[in-house]
Structures are given as structure tokens and as C-alpha cells.
């Protein structure tokens, strides 16, 4: 019963999220010996004013970098 | 100082959440030898497009199942 | 598919943990309209040197308080 | 690569969050021997109806206490 | 800077974990438009006496099911 | 009642952890308008074989980098 949580800065669309959970589930099934219905994934979408790297909020970065 | 986080798909109303945190706190107090003000609970409500089981987002399931 | 994580300072025995997950699951089933096999609980047991309140590690508290 | 998550009841403004992540990053760099770009912080802002202490949702407390 | 946490019942070996993080990172890079060094994964390995489904600890299940 | 979780690769000693939680608590008190006994911190220490960056477990990195 693996549970996966993905902290992800806002900005990906539904199709990207769909591919993300599909792909991760395939990897978990291939490597972890479990059953599909036991693989639960939560995407935790985070606003740019609630994430920081190096002490600087993402909304304050001078030029947007890749996320 | 037990801290409890509940990942919960959206769709429950305030009264359900009220009963949920009340009931869980009673269980923790009965079984874990702690004090009420130390039992902290966070409900993490998750949109159906951010949760997946078996690699399929909840918003893409053909017929809604129980959550 | 509610997922519950309980951060719990070390010191409870197996019987206490058994009652804890049983009781919490009953509360979730009674209040959240879901199915038993979808209620997943993880106990995250934390050593006293890895938890702090008020800036003081639990292992450094002068007299042990309730947890 | 320390990752810090802060569960925080709603109500702080952007300037408070900016100082919060700046200050925490400085503490981590001073005490943990790592590099700035490896210190990642997520603020998890929680509505008052999704947090409880002592079994009572914050939105149901009779008089607001400090958070 | 996606951060992924995987709650995983104990019992997988190092090679499985190696393939797990490699595969998940490839999926994240393919779907989320980010850079490899920003993809951080933590495996949270959980003892069978600290995980429950349906209110029953995994160590108490009559016959071991797939994880 | 801010709750802070710090995912930290193993290798820091008790004195570093002591300074870490003391310093973070001071920052939270200075910026977030709360009371000391409400600031709870959990250090989640992670073995090098359970953390990855760029798809590579920390235990497999060729030369140890800063953490």
C-alpha cells in the first residue's frame, strides 16, 4: 500500500498531472511488488508564495527558473 | 504531543469534519496517555484532480466510488 | 481513500497502537462515508531527541511531561 | 538537502512568510552544514475549519487564541 | 523543485529502491518541466507494526497480502 | 500552533539538532505571532539509502556532497 505525496509548485495542467500519476504508478508496480488499487498518489500543489529555496520565496525570485 | 494529518478527498461538510476531529481526539486520549491540548489534527482536503488510485486521477474515474 | 499519519513520540506499546488504529478507523468510517479497506493509517514514531516543543528537544526537558 | 514543511494556520501576510522562510533558512545553514540552494521550504497554509486542538476545530473556538 | 515522499512498508531491497527513485525521477522530468537536481525523493520505510488498513495493523493480518 | 517537519539526511549530532530546533522556534515566534508551547518541531532523519536527488540515491553518489 505505497502512498506517494508530490509537492509540486503550481503551474502544471491537468494533462501533465494525469501523465505524472500514471507514470509514477507504473514505476511503483514494476519495482515494488504491489497491486494497482493499493498505489495512492496525492499531488500537493503549492502556490509560488508558499515555497522557498535558499530562503527566497518563489514569487520573489528575480527571473523565473524551471520549477 | 501527537500530531495527526488526514488526507481527505473533498466532499465532506463541516459537521462531518467536526465529528471526525472530535472522535479521533477521543481515541488518541483513550489510547495514548496524553493531554487534550496536545492533540493537534490537520485535515488536508484534496481536490479530485489531485488524488489518484491505480494511476487514475479521481476526477477521471468512470463512476464515482466511495471515497 | 483517507490516509492518516500520526506523529507519535516513542513509548507506546503494540497494544496501544493496535487500539489506536482500530479506534481511528471506526471514527473515519462513521463520519466520512468510505470503505474499511480504503482507510490507511501510518504511525510515525519519533525518538525523544527528534521532537521539540517551545524550542526544547523532548530529551532535554527537565521532567518528563505527558506526551 | 533539508526539506522543511510548516503547517501554519491562515492569517499571516506575505511579509511574515518572507521573514519566516528567510529566518529558517539562515538557522538551517548555520546549524546543518548544507548549501542555500538545497534548503527547500514549503508553507502549508491551513484554513481554520481544517485544524483542531483538543478535538475542537479552530473555527469553533469560543474566543480566538494565538495561533 | 518537486519533492516526493513515498510511504513504503518495509521489505524492499536496495536494488528495488534504486530502480524506484530512478524511475520516478524520469517520470517527473518527462511530465513536469523541471531539472534533475531539483527532483528530491524521500523513501519513508514503515515497519509492519506501524501501518494499518481497515483498522488492522499489517503485523496482525492473518495472511500476508501484497504490500 | 505551527507544526514544522524537517527532513534531514542522517549525520548531524545532537548538539546541531538542539541548535536547529531552538533557532527555528525563535524565528517562528518572531514572525508568526504565536506562543512557544504551540511551536512543535519534528526532525525526520533519513538514511542515505532512502534519499535521492536527480534519481540517484545519496548512498550511490560518487563523492559525498554537502547535504
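Just so it is clear, A, B, C, D, E and F label the chains in written order, and each chain counts residues from 1 on its own.
Everything that follows uses one rule, which is that contacts are C-beta pairs under 8 Å (C-beta built on N, C-alpha and C of every residue); 3 or more make two chains touch, one makes a residue touch a chain.
All values reported here derive from a predicted model rather than from experimental measurement.
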Chain B onto chain E, rotation angle from CA fit, given as a multiple of 5 degrees: 180
Which of D-E and A-D has more C-beta pairs touching across its chains: A-D
Geometric centre distance via CA averages, chain F-chain E, whole Å: 20
CA centroid of chain A to CA centroid of chain E, Å: 14
For chain D, residues contacting two or more additional chains: 1, 3, 5, 7, 24, 26, 40, 42, 44, 51, 53
Graph class of chain-chain contacts, one of line, ring, star, complete, other: other
Contact pairs between chains, per stated definition: A-B, A-C, A-D, A-E, B-C, B-D, B-F, C-E, C-F, D-E, D-F, E-F
Chain D to chain F touching residues, read off their complex: 1-9, 12, 16, 19-20, 23-24, 26-28, 30-35, 38, 51, 53, 66-67
Of all residues in chain D, those that touch chain E in their complex: 1, 3, 40, 42
Complex contacts: residues of chain F adjacent to chain C: 5, 14, 17-18, 21-22, 24-26, 36-37, 39-45
Sites on chain A touched by chain D in the complex: 7, 44, 46, 49-57, 59-60
